[in-house]
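Note that the chains are named A, B, C and D in the order they appear, and that numbering of residues resets to 1 at the start of each chain.
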Amino acid sequence: MNIFEKCESNVRSYCRNFPDIFHRAKGSIIYSDSGKEYIDFFAGAGALNYGHNHDYIKQKVMSYLDADGIAHGLDMYTSAKEKFLAKFDEVVLSSRKLDYRVQFCGPTGTNAVEAALKLARKVKQRSGIFSFMGAYHGMTLGSLSISGNVGIRAGTIGTSNNVTFMPYPYGFMESFDTIQYIKSVLNDINSGIEKPAAIIFETVQAEGGVVVAPIEWMQRLKNLCDENDILLICDDIQVGCGRTGPFFSFERADIVPDMVVLSKSISGYGFPMSLLLIKPELDVWEPGEHNGTFRGNQLAFVGATAALEYRESCNFEQDVKAKELFLKNFLTQQILPISEKIAIRGIGMIWGIDMKNFGGSSLAKNITSRCFELGLIVERAGRNDTVIKILPPLIIDLVTLEKGCSIIKEAFNDCISK
Amino acid sequence: MNIFEKCESNVRSYCRNFPDIFHRAKGSIIYSDSGKEYIDFFAGAGALNYGHNHDYIKQKVMSYLDADGIAHGLDMYTSAKEKFLAKFDEVVLSSRKLDYRVQFCGPTGTNAVEAALKLARKVKQRSGIFSFMGAYHGMTLGSLSISGNVGIRAGTIGTSNNVTFMPYPYGFMESFDTIQYIKSVLNDINSGIEKPAAIIFETVQAEGGVVVAPIEWMQRLKNLCDENDILLICDDIQVGCGRTGPFFSFERADIVPDMVVLSKSISGYGFPMSLLLIKPELDVWEPGEHNGTFRGNQLAFVGATAALEYRESCNFEQDVKAKELFLKNFLTQQILPISEKIAIRGIGMIWGIDMKNFGGSSLAKNITSRCFELGLIVERAGRNDTVIKILPPLIIDLVTLEKGCSIIKEAFNDCISK
Amino acid sequence: MNIFEKCESNVRSYCRNFPDIFHRAKGSIIYSDSGKEYIDFFAGAGALNYGHNHDYIKQKVMSYLDADGIAHGLDMYTSAKEKFLAKFDEVVLSSRKLDYRVQFCGPTGTNAVEAALKLARKVKQRSGIFSFMGAYHGMTLGSLSISGNVGIRAGTIGTSNNVTFMPYPYGFMESFDTIQYIKSVLNDINSGIEKPAAIIFETVQAEGGVVVAPIEWMQRLKNLCDENDILLICDDIQVGCGRTGPFFSFERADIVPDMVVLSKSISGYGFPMSLLLIKPELDVWEPGEHNGTFRGNQLAFVGATAALEYRESCNFEQDVKAKELFLKNFLTQQILPISEKIAIRGIGMIWGIDMKNFGGSSLAKNITSRCFELGLIVERAGRNDTVIKILPPLIIDLVTLEKGCSIIKEAFNDCISK
Amino acid sequence: MNIFEKCESNVRSYCRNFPDIFHRAKGSIIYSDSGKEYIDFFAGAGALNYGHNHDYIKQKVMSYLDADGIAHGLDMYTSAKEKFLAKFDEVVLSSRKLDYRVQFCGPTGTNAVEAALKLARKVKQRSGIFSFMGAYHGMTLGSLSISGNVGIRAGTIGTSNNVTFMPYPYGFMESFDTIQYIKSVLNDINSGIEKPAAIIFETVQAEGGVVVAPIEWMQRLKNLCDENDILLICDDIQVGCGRTGPFFSFERADIVPDMVVLSKSISGYGFPMSLLLIKPELDVWEPGEHNGTFRGNQLAFVGATAALEYRESCNFEQDVKAKELFLKNFLTQQILPISEKIAIRGIGMIWGIDMKNFGGSSLAKNITSRCFELGLIVERAGRNDTVIKILPPLIIDLVTLEKGCSIIKEAFNDCISK
């Protein structure tokens, strides 16, 4: 591992938890240089809902490359983008009667979040943004300013971006009515807090520790926004694209946010891509007002189109529901009984085992390390990394899913008995 | 063009200047759906120094895909990253006796700029950043705060990020000693401006209108930083990777910045990728303190490695010098004589024809539009888009280069005679 | 009233509610040019606890002037300041075993608040300040940034000062444990809110609508600050100097804040004066680091010394308790029975009649206007000015107090029967 | 000096340079407890243009107190305010054909500066303010943000207020056209600096080291503001009220700023008072939008009215011109010849001896300390306190003026010969 230690910045992180060199991958399996196989319960942090190197998508991508399709297209009109837009409109938007304009942002989630914040401020001509405690939205300055983790802000000394963090229904904050709290702040002219341009939220706070927002809470949040002329932005980067079952994670609450951010799995193949969906009446951008060199990552468009085609060919949503049931049962029956101090939370194919009160961060780390030794890649999330986050590719077959789960069980046994 | 108008956000811009649908490209030529061929003097805004779909790189990329090499690797250790680091270290760093750590950022230039700002603030525990009038560094909030164009900031109401804009030697600001100005500010305890963590600069302000910094100016800037314990960050996104001749654009001044930002052409194939180079003693990141889902765009690593291999195989730098001479001669002999009100500026293979005093933005637009009709893609840049920016792929052959230039000449004739 | 309308800025306000020209005053009575007498239940918004032109203080002030005592002394050592410091130390600090350094600020409350914020940030090297919803601390930029009323901030566009507003136990916010809320925010590394340098609070939110903090709440707030290395600043401008009974309003909770701001009644005669009290270990100011031309308002020092002397000569605290009882009885027996929708709140000699649910701002205004016609000056406060604030001079005699109260009763009758 | 050291904050400063306890003063003479007499060349930092305890003003103030005139009046209409407004309108405004509304601010200069900034931002709905390097405007957060001295900002970590410091014609900045610099910034859409709401300036930077702005510079500044729809605010706190000869210091440039800040000597007797003068069309304040307990310092109004009456009774302006000539001659003939490294600057009755290149701060300090021993109070100012600032009361008689000057000469001799 010489060259990494010699040349790569100290900022590298996942490689420290998964100390092997990987070279090949297929579906839910990653292969290391040394020939070892790992089941992947991490799925590129949500970027690989379709698994690694999905054959249908791969074939489309390779054909495109082979034919010298344009690889880099800025934001010019290209055939690849045309096909993606048509397919996305048909499969995702029209079929749900959703009316959104699509903005292709610099191909990272954080870039689309930044675009959303800028547009909201421009539309409403207000500077404030409400975000939630526990939120994670990205690492560029705007996104960082709305992310809850204060431990990663060291470098932003002296910047200030008019963000107010509101309580998310979790921990002590679950003990009172958090929507009423926000209402009270907005209705009190002496609250010190001005009406924001937008409220940005995640339906599931993944990095916050897999905290699932109640349906009624989301509905009341949407109503509160409407009543107060505030835009509602849903950051669906990690749990969109089918992670919770339906394509968008907010569908379960039957709400339509004013803007939606998509990234991670949208390209189908792990290629960098991000979208901002904007209600047409909010699309007040001047041409070029938000730009970026890599908005036109054509290979990602090709992959994204293929992924949507593949999606149509099978019963994705129902399939996820089945695996959700499996995971829930496994956690309830195999993990929860280990200790009443363990909590489990989740929905669809994102689940967390909260070890906060049972060994904390250190036991959680021991368990995920032991999983790695046993051939399973699984990460931690949440406050102080106490939550073991289960995030397999959606296309994982039941045998592999079961195998991964049994490794978790085994790791628990190994670590607790020590 | 129905689907674009129906579905794509109003923010789309280049497509408005180049209203055709493109589907294939090779080298310096782009082909539209309708079969029309365009010479490309835009080169993906600098992302395509090696031209479109370069065969050597393409073959490496396709082999990698075919073998199910990992496509998405977060920041884990992968074979593709290992090979890139080794090659980059060998060809770019060691051969120049440069000692930098490499940080893989979210794969957009702006993300690497954000990382640089954060790290500088963290290292120096100061909040201020000096940037330059005319600068362009990107569209996320941190990068935007150091970009000169105030017309694209509408959405950032109420954010403030302790940035001070200093005069760059251009226009009126060229009439006095801008380095002495900065010194005077730093040495005056009553200047109102605190010592910054870093000064970020471009050796050529491309978006600022192709303004080339004098060598002595850069050297004095570096000295000023050293004397005042300020970090110097070079944003080499657009003019690095050989655009001005040598790999890094600052080599001509024989200085070594404390951090260097690379992106655009680094992947060789137009794939999203960015790097932050950091002097080892400044690499104080905590693991994961700046992260991002797409840091490990493996295909980009494969492309980047291939590009460096290709680079070694030919005499790139000398080749650029030859074409620089050609461009300079063309502009001096064919364009300058049109009017004494026209100015030309440039270096290597980035040149600008400044029409500010000769027809301004509107004539510049007419000319580039006429170029497009005649089969040449060339963009405008600079204040109010008055500068016609010539930015061909570095690998363009002389015949095509000449052909492109003659289209420019023809467009001038057509537009002026009107 | 010609000259005022011709020459004075539209910003003037109290004169609109009390439209007469006043020229003389004594004790609790103000006389207008036209010879009309008014009982004063406003007491200079708390600056006239000793009433108007108190004879003992007046005589000291006139002697000083007559002898050409220094009127303006910057922050040089003067006899007047020396006497004040000795008396303040003896009567206020030592007798309570309080160990504070005294900072003479520019002679307005807001200036001392600004000094407190600056010092707290300097001491803790953190930028954040927690303030409370409903708080009022002044009108200069720093003080305004910690004041709850967002309606008076129009002119501060684009300034941002890292202030977080916390819930004060009032309204909906009273329905849950607000101290636990703050604790939860501080203990949650993902709350998005960094540990502040200081928390600033009022023991009674006067402008917030006469909201009295519970004793236990203040004690828990102090503990929370101690446990988290956060400074606690008490803004005792309006309710210090005996307004609630003891000299400092926080004495009832038996806590010792790290800094205390005094102003309003400290000079005894309504002269501009303010103090910041600082625990010795926090007094890390460099000489002159916070200054101001009028720090040495010598007449105010003379008045303040005389006021403390007078204070010693009578049983001030017990006297206030007696009048508190009178006011409470009056409000409970005469006002509350008018409607169950009326709320009363108060302590010592600051009381509020909350009309929010009974006629609101408009009825409250009608009543105070009617009071004025009947010869009583009484103001409104609180959200939307719905609270009638009773704030007589502390030295008011019982007959006049009773007379003022009966005018309020009469005004209620007059306005409700309409 | 026990009680001061025991009780007063370390922030105290002038007392360190003038270590005596003062108790009485008259005209230009201050008397200490020990009976020593000092000539006052400091004049309360400009607050005592009429000298100490001026008899005419004193008699008016004492009569007012004796008659129980209202001492504290918030912003109600009072006879004292009425008389002041009428006199100010007659003597200062109407006679100069100036049309300003008068705002009574909290009675410190900084408070009026804060009001000016808020109003400018509100009127123009822009957040930026341009201030000048070397400027001093006060110590509350808004005023501090526009003051050049970065050494006194330690406590403002993390606040940011959109202020841009522009070069003032001094030092290196005098070597180019600073007005053209500002123009260039405003006209360059890529300068990174947005059009501000206002530019605030001093006609003489007193704390900046007695730097006198050229008349043409002020005129061009005013034109620049007009052409760009930017408000011009003149901070005339230290050099207004006749210090440079005419009542307003900007009269010599024949310009009319949009707002003017007055304080210091306006009350005539050293009482805290400040005014903001506002062009009527800019007076868009809501009632109470900027307030403060001590806006109605009635004794100051009485003093101010008397001072204006006194002013009328003598030929103030001509008198100042005569003393200006005396001071200029003294400095030119007695001080300048000491060394060619000494610089002198000044106008009216504010003059500076710049020792920057001749012994610097330490020799300047030695000289002012020696002056104090010899019975003269004179302060230093400017960058690093290298400028000896001569600021006698305007009413000083020529004998005392001469005596003070000869002490300075003697102190120079004493300190240099050492």
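We take it that a residue touches a chain if its C-beta (ideal position, glycine included) is under 8 Å from a C-beta of that chain, and two chains touch if they have at least 3 such contacts.
Heads up on the chains, UniProt names are A, B, C, D = Diaminobutyrate--2-oxoglutarate transaminase.
Computed from a predicted structure; not experimentally measured.
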| item | value |
| --- | --- |
| Given chain A and chain D, the chains that contact each of them | B, C |
| Comparison of B-C and A-B (more C-beta pairs in contact) | A-B |
| Distance from the mean Cα position of chain B to that of chain A, given in whole angstrom | 30 |
| Chain A and chain C, separation of their C-alpha mean positions in angstrom | 50 |
| Where chain B and chain C are represented by their mean Cα positions, the distance between them in whole Å | 58 |
| Interface hub residues of chain B, defined as touching at least two other chains | 127, 157-162 |
| Complex contacts: residues of chain B adjacent to chain D | 127, 131-135, 146-151, 153, 158, 160-165, 167, 171-173, 175-176, 180-181, 184-185, 188-194, 208, 382-384 |
| Chain A-facing residues of chain D, complex | 157-160 |
| Interfacial residue positions of chain C with respect to chain D in the complex | 1, 3-4, 6-16, 18-26, 30, 33, 42, 44-48, 52-53, 58, 61-62, 65-82, 85-86, 88-89, 93, 101-104, 106-111, 114-115, 117-122, 125-128, 138-143, 145, 152, 154-162, 237, 263-264, 269-272, 276, 278, 283-294, 297, 299 |
